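Quick one: this structure, given as structure tokens, is what I'll be asking you about.
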Amino acid sequence: MSPRETAPQADFFRGVWRENPVLIQMLGLCPALAVTNTVENSLWMGLATFFVLTGSSFIVSLIKKLIPGEVRIPTFILIIATFVTVADMSLEAIVPTVHKQLGAFVALIVVNCMILSRQEAFAAKRPLGRSLLDAFGTGLGFIVALVMMGAIREVLGNGTLMGFSLFGPNFEPWVIFILPPGGFLTLGFWLLLLNWFQKWRTERAKVRAWPEGVGAPPERKAA
Amino acid sequence: MTAPAPPPTKMDVPVKRLLVTLATAGAVAGFLIVFVFGWTQPIIQAYKAEQLRLAVQEVLKAPDRFDTLYVHDGALTAELPAGVDGTTLEQVFVGYREDGERIGFAVAAGEPGFQDIVRLIFGYDRASGTVLGMKVLESKETPGLGDKIEKDSAFVLQFDGAVTPLLGVKPRDATGDLHEIDMITGATISSRVVIRIINNTIERLGPLLDAYAASYAAATVP
Amino acid sequence: MGEVFWILVSAMVVNNFTLYYFLGLCPFMGVSARVETAVRMGMANIFVMTMASLCAWFLNTFILPHAPYLRLISFIVVIASFVQIVEMVIKKVSPKLFRQLGIYLPLITTNCAILGLALFQTNRGYGLIQGLSFAVGAGLGLTLALVLMASIRETGELSDVPSIAKGMALVLIIAGSLSLAFMGFAGLLSAT
Amino acid sequence: MTAPRLLITASPHLSEPDSTPKIMWHVVLSLLPVVGASIYFFGPSAVLVITAATAGALVTEWIFGTRGSLLDGSAMITGILLGLVLPAGIPLWMAFVGGVFGIGFGKLIFGGLGQNIFNPALLGRAFLQAAFPVAMTTWPVIRENWWQLRGDNLALPLMSPKEVDVLTEATPLGLMKFEQTGTDLWRLTLGATGGSLGETAGVLILLCGGYLAIRNYLNWRIPASIFLTVAVFSVLLHLIDAARYPDALFMLFSGGLMLGAVYMATDMVTSPVTNLGCWVFGFGIGFLVVVIRLWGGLAEGVMYAILLMNALVPFINRATQPRAFGAEQPKAKQTT
Amino acid sequence: MGRKLRFRHGVHPPELKDLTASVPIRRMPFPTEIVLPLSQHTGKPSRAIVRPGDWVERGDKVGEADGFISVPVHASAAGTVEEVGLWPHPNGFYSPAVRIAVAPFSAQVPRSRIIPDWEGLSREQLVEAVKQAGVVGLGGAAFPTHVKLSPPKDAPIDTILINGAECEPYLTTDHRTMVEYPERMHRGLRIMMRCLGVDRAMIGIEKNKPDAIEAIRATLPHDLDVTVHRLTVKYPQGYEKMLIKAILGREVPSGKLPMHVGVVVHNVASVATIAEVFETGLPLIERIMTVTGNGVRQPSNLIVPVGTKTRDLIDACGGFSDDAREVVFGGPMMGTAVASLDAPVLKGTTGVVVLTDADVKPQKSYPCIRCGHCLDSCPVFLNPQVLGQLALSERYDEMEAHNLADCMLCGCCGYTCPSNIPLPQLFQLAKVALRRQQTAA
């Protein structure tokens, strides 16, 4: 990935949606699947990751000139691990119940490929401000994806959203969605939906771009 | 993405500056961690202690105070010899009423359940062989089915006053015997795990508890 | 002995690292296109996990009681440098294998499964033997999941998957189905 | 001479009279007696549940499948089989959901007929089992009043079934596992026990499967090796500890083993193509069934055993490629 | 014989031989025009040596062999060469052919020639004579016979197998030959054994032709070691590797020829032709073949001049029925449907089957359901299921790794496939594509 000139806002929005770390780049799947059985867990996990990502992007971008290439990755990991330790302990102190549910997965943020890849691909090459924007965007994208996962899993798996009951007491929870298979299936389902949307959009664009007077546009195949 | 692009600045940075910067960064990181550790650790410890207190409180039916005993050298002891780290030893809590009378012991134990380890704590009166209360600390049993061992109060409350050795029975076969615990329909395994943990733990620690009680009695009867 | 065996079986199938704990998903998604590569990756993982378990036990026993706040950092550093050594050895001994594993070998370091193993082992207070059994079981489970996924994907290459399901969506759904199937092992060996 | 308008088709110009739809519809046909037995035992509930599951499968195939794929009969098989492995009292909406999931995520996502890895009916059931564990393990007993529903079949969609005054009992396997109580062999073989709709009548299933095997619509090696494996293991274990391990006949006729071995494991798409592979596949299923039943947390493991072996099928196929005629090592193992 | 003479796998298609099994061979009248493609055999096509306007007698050479694996082509009727040009070939393409307008009132007596006493000839002379007579295998593959009669020194032959299996449904060509001309066959066999210097010959005939077995047994020459073997009825029993496996229990290694296990296999009709060559001096200009199927009014076994056009052949058998739809050259399992009624009969054409609307199998195919029936039927133990899927995604290189080369396109997999996937076609396409790749490389 060679550094191209991009607008600052592009750095930010790219990570949120178009290059969403989870939904598009398939990075950081482990927490995205493991701890997203409720929206609350997803949110805290997302926030913790956001904190680690921005923090380490900040530091890496700050000292990027001083890091020798050979020890680049270990250094990054060291920096990330520092922030994760901080996040881990803070979470345990602030929201002990959530921390208990997230368990070791908070500590596992340190090996979230997403964070390392942002350091490699962006923070180590760009100026501080851009790196921070990028980290904000990517982190936000991560939170968005996690909450998307959490929302489906909590609503179907428990009948609640953020703890509020949606369907009344008689709702039969689909337990599978808070179990591991439900994680895979939910993400798979989201990807199907996004792919379908993508396909629908490109085809609509094709139809719209069809020059006038050149016959009818090719019929859209039923999805 | 991870192609090792040699940083162009490598030669420009004098080794001394590099070392200094890295050392500074390391120092800052270390400081940060230690600072946060110092800030959070008391809170975390307090929370853990509170949780433990609540659990013991619950299974020993609100004792006035409780002591921590350690299983060391095949015996229960409150005082550990110097140099032995108590955190790695199995602990038994002993609760007292206001008048100083011993209510019973609270023991935490775990065994493999349906999905993963089930850990629970239970209060136990050795003299009468009665379970005082039971609380599941940690389980990954099936939501809606196996997790009733934790969430179904009807199941949990049965343990109050049940007499060991416990015996799991189907609800419709129940005779009212104090040894009997009605198992959860459809979650036989999870129910059995709870019963098994208590039975096994008592079998394992029973003699120790007796020995402790005897020495305690010897100590208190002048 | 029974407990050690239970730990192995539990880590391998009941609580499979990949299909139950979602650990090691990067190789699961990335290196599962060909069976041969999957087997090699699995082997590499078993090896690294065993070593990581040893490292973790060593650190837990001798170093960390004195500095608990350094747990994460020391784990990651020790394991990372260890994997670095393994990588160099593989590069020297079998360049072909090195090429096949490509980008994923350095990523074993940042593979959640390795660190996850160390953390889980610590959280559960496993001793040396238990830890090794845990590591071997987890590694075998990871390999099993990888190889299953790879052989399924190889077959899938020849079928006409709907365009919107091509790629990761299908892989995830297969993973979900595998995870469903592995639920059959629940409660294995935890005596009735 | 009148010269005909010549047609050019590919050789061979003869073909066996069997076609894929014909095979599929024959399987459907052969399932009818089993469906009949389930109706005999479980009354109107059986009709409702099987219909709902089939409807779920058919609707999904119709909406998302390729044109005309409804006619090949495979979705019908999936629906009926799914219905047969559900408990009688399950709410209809759950059965429907199972059908949708089985066809949608078990089959169409892989590209439709012939491309799937997992048996769609079993995947649908596994989904339901994981999603609604309570409803899926409530086994109503046979009632005197045939007309009475065996549970809250008509629960509103997404809502929990109400408590209905229906006696339930554990399945023979459940009784064996959790209460060490055996079941009379006659009741077992005839099907008058608790269990899924269609899995109880073992003898009937064997007969229907025999019909299919004779017509070569299923590979007899798969059920044969499953039965053999289960029988051998249970005989051995029974000899070791008769109190703990049940005898072979009980193992064979209890639970879903008959239905699974005859109808689920032999699904052509999800079983190996080589005959040697079929033996391996059957052995694997039998072994896993014994392991899960005797040492696992579940009373019954046929469904999971088949799904797990389904996942292994691509691997088995790879490993059991036939040795080409005249290829090296003429003594190598060969398919029969 | 205690052992059942059979091979493993294979299929049991309906035999359908009743139409012509008891119909005696008759000679068809000469048509008005003969078309002799220069490529009638496996190997290099022959080279035309006549020009338009040339007069040829019956039996004159019109095309010269061009190389070792090649044979000459002879005029099957006296007449004038009309054209040497492209003409529809039964394989569906146009190919170079010599077209002869048959002299209308000719008695079609061949040019008188010296008939050598074969017993006085050396082996090499015998082989050369066979070659010059243009003899090829008449079982369908049309491999030049003289090549099979001159095996290399390093492959000693111990047995000649005579292939009377005729496993293709419908066809009764070899069957009738054996019933009506058993002595001729034995004479040919004698010549052949002399050629190869082999003492042992075995004749394999499927059980469903008891009259042929009877006829051959009754005429067995007692001075030779010739035995007759009743074979299980199964397709493709007539494939030489299967025949060798069934009778001798020997397995021809993959990629090798029968001579590598000490055997040569000849078709019944080819053997009889050799006898004719040395008795009449005439080269291979006519052959016995079956014209059958529900689409032809009078199914017959005919002696047909090579080069007769399909149209004339059908006319000689009473014409098409009203519902005739497809004309297949060869048997229904491996034969090819012809696109034009102008396509001529070749030396290797064992029969012509005319299928009606009812016989033509439906063309709709379904997705593969991995039933494994194709694996159970493949006589060379390939995995047509995987091969078919690879072919559909055009991964030909991987097909090679799955032993595509061993596939002989027998059609068993296609016959047995319930999803009606045209497997043999896919494999043929793949083979062509691979060959093209190899020649390009």
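Chains here go by letter, A, B, C, D and E, matching the order in which they are written, and residues are numbered from 1 within each.
Definition applied: a contact is a pair of C-beta atoms (placed from the backbone, for glycine too) under 8 Å apart; a residue touches a chain by one contact, two chains touch by 3 or more.
This is a predicted model, so every value here is computed, not measured.
Visitor: With a step meaning a move to a chain it touches, how many steps does the shortest path from subunit B to subunit D take?
Guide: 1
Visitor: How short can a chain-to-chain path be from subunit B to subunit C, counted in steps between touching chains?
Guide: Minimal hop count between subunit B and subunit C: 1.
Visitor: If I average the CA coordinates per chain, which chain comes out farthest from subunit B?
Guide: Centre of mass proxy via C-alpha means gives E as farthest from subunit B.
Visitor: So which chain ends up in the middle if you average the CA atoms?
Guide: Smallest offset from the overall C-alpha mean is found for D.
Visitor: State the pair with the higher C-beta contact count; candidates are C-E and A-B.
Guide: It is A-B, judged by the count of C-beta pairs in contact.
Visitor: Counting only C-alpha atoms to place each centre, which chain is farthest from subunit A?
Guide: Here the answer is chain E, farthest from subunit A.
Visitor: Take the average of all CA coordinates in subunit B, do the same for subunit E, and state the distance between these two points in whole angstrom.
Guide: Roughly 85 Å, centre to centre.
Visitor: Taking the mean of the C-alpha atoms as each chain's centre, how many Å separate subunit A from subunit D?
Guide: Taking the mean C-alpha position of each chain, the two centres sit 40 Å apart.
Visitor: State, to the nearest whole Å, the distance from the C-alpha centre of subunit C to the C-alpha centre of subunit D.
Guide: Here subunit C and subunit D have centroids separated by 33 Å.
Visitor: List the centre-to-centre spacing of subunit A and subunit E in whole Å, with centres computed as mean CA coordinates.
Guide: Whole-Å distance between the two chain centres: 68.
Visitor: Enumerate the residues of subunit B that touch no fewer than two other chains.
Guide: 1-2, 33, 37, 114, 142, 144-145, 188-189 - these are the residues of subunit B that touch more than one other chain.
Visitor: I need the residues of subunit C touching at least two other chains; which ones are they?
Guide: As it turns out, subunit C has residues touching two or more other chains at 69, 73, 106, 159, 165, 170, 173, 176-177, 180, 183, 186-187, 189-190, 192.
Visitor: Would you please write down the residue numbers of subunit E that are in contact with two or more other chains?
Guide: none
Visitor: Can you identify all of the chain pairs that touch?
Guide: A-B, A-C, A-D, B-C, B-D, C-D, C-E, D-E
Visitor: Enumerate the contact residues on subunit A facing subunit D in the complex.
Guide: Counting only subunit A, the residues touching subunit D are 167, 170-172, 174-177, 179, 181-182, 185, 192.
Visitor: Residue numbers of subunit E touching subunit D in their complex, please.
Guide: By the definition above, subunit E touches subunit D via 11, 13-14, 92, 169, 241, 251-256, 295, 311, 314-315, 319-320, 322, 324-328, 332-341, 353, 355, 359-363, 366-373, 375-376, 378-383, 385-386, 402-403, 406, 411-412, 414-420, 422, 424-425.
Visitor: Could you list, by residue number, the parts of subunit D that touch subunit C in their complex?
Guide: By the definition above, subunit D touches subunit C via 105-106, 108-112, 114-115, 117-118, 123, 126-127, 129-130, 177-178, 288, 291-292, 295-298, 301, 303-305, 307-308, 310-312, 314-315, 317-318.
Visitor: Using the touch definition up top, name the residues of subunit B that touch subunit C in the complex.
Guide: 1-2, 33-34, 37, 85, 88, 111-117, 142, 188-189, 192-193, 196
Visitor: Across the complex, what residues on subunit C touch subunit E?
Guide: Subunit C residues touching subunit E: 157-159.
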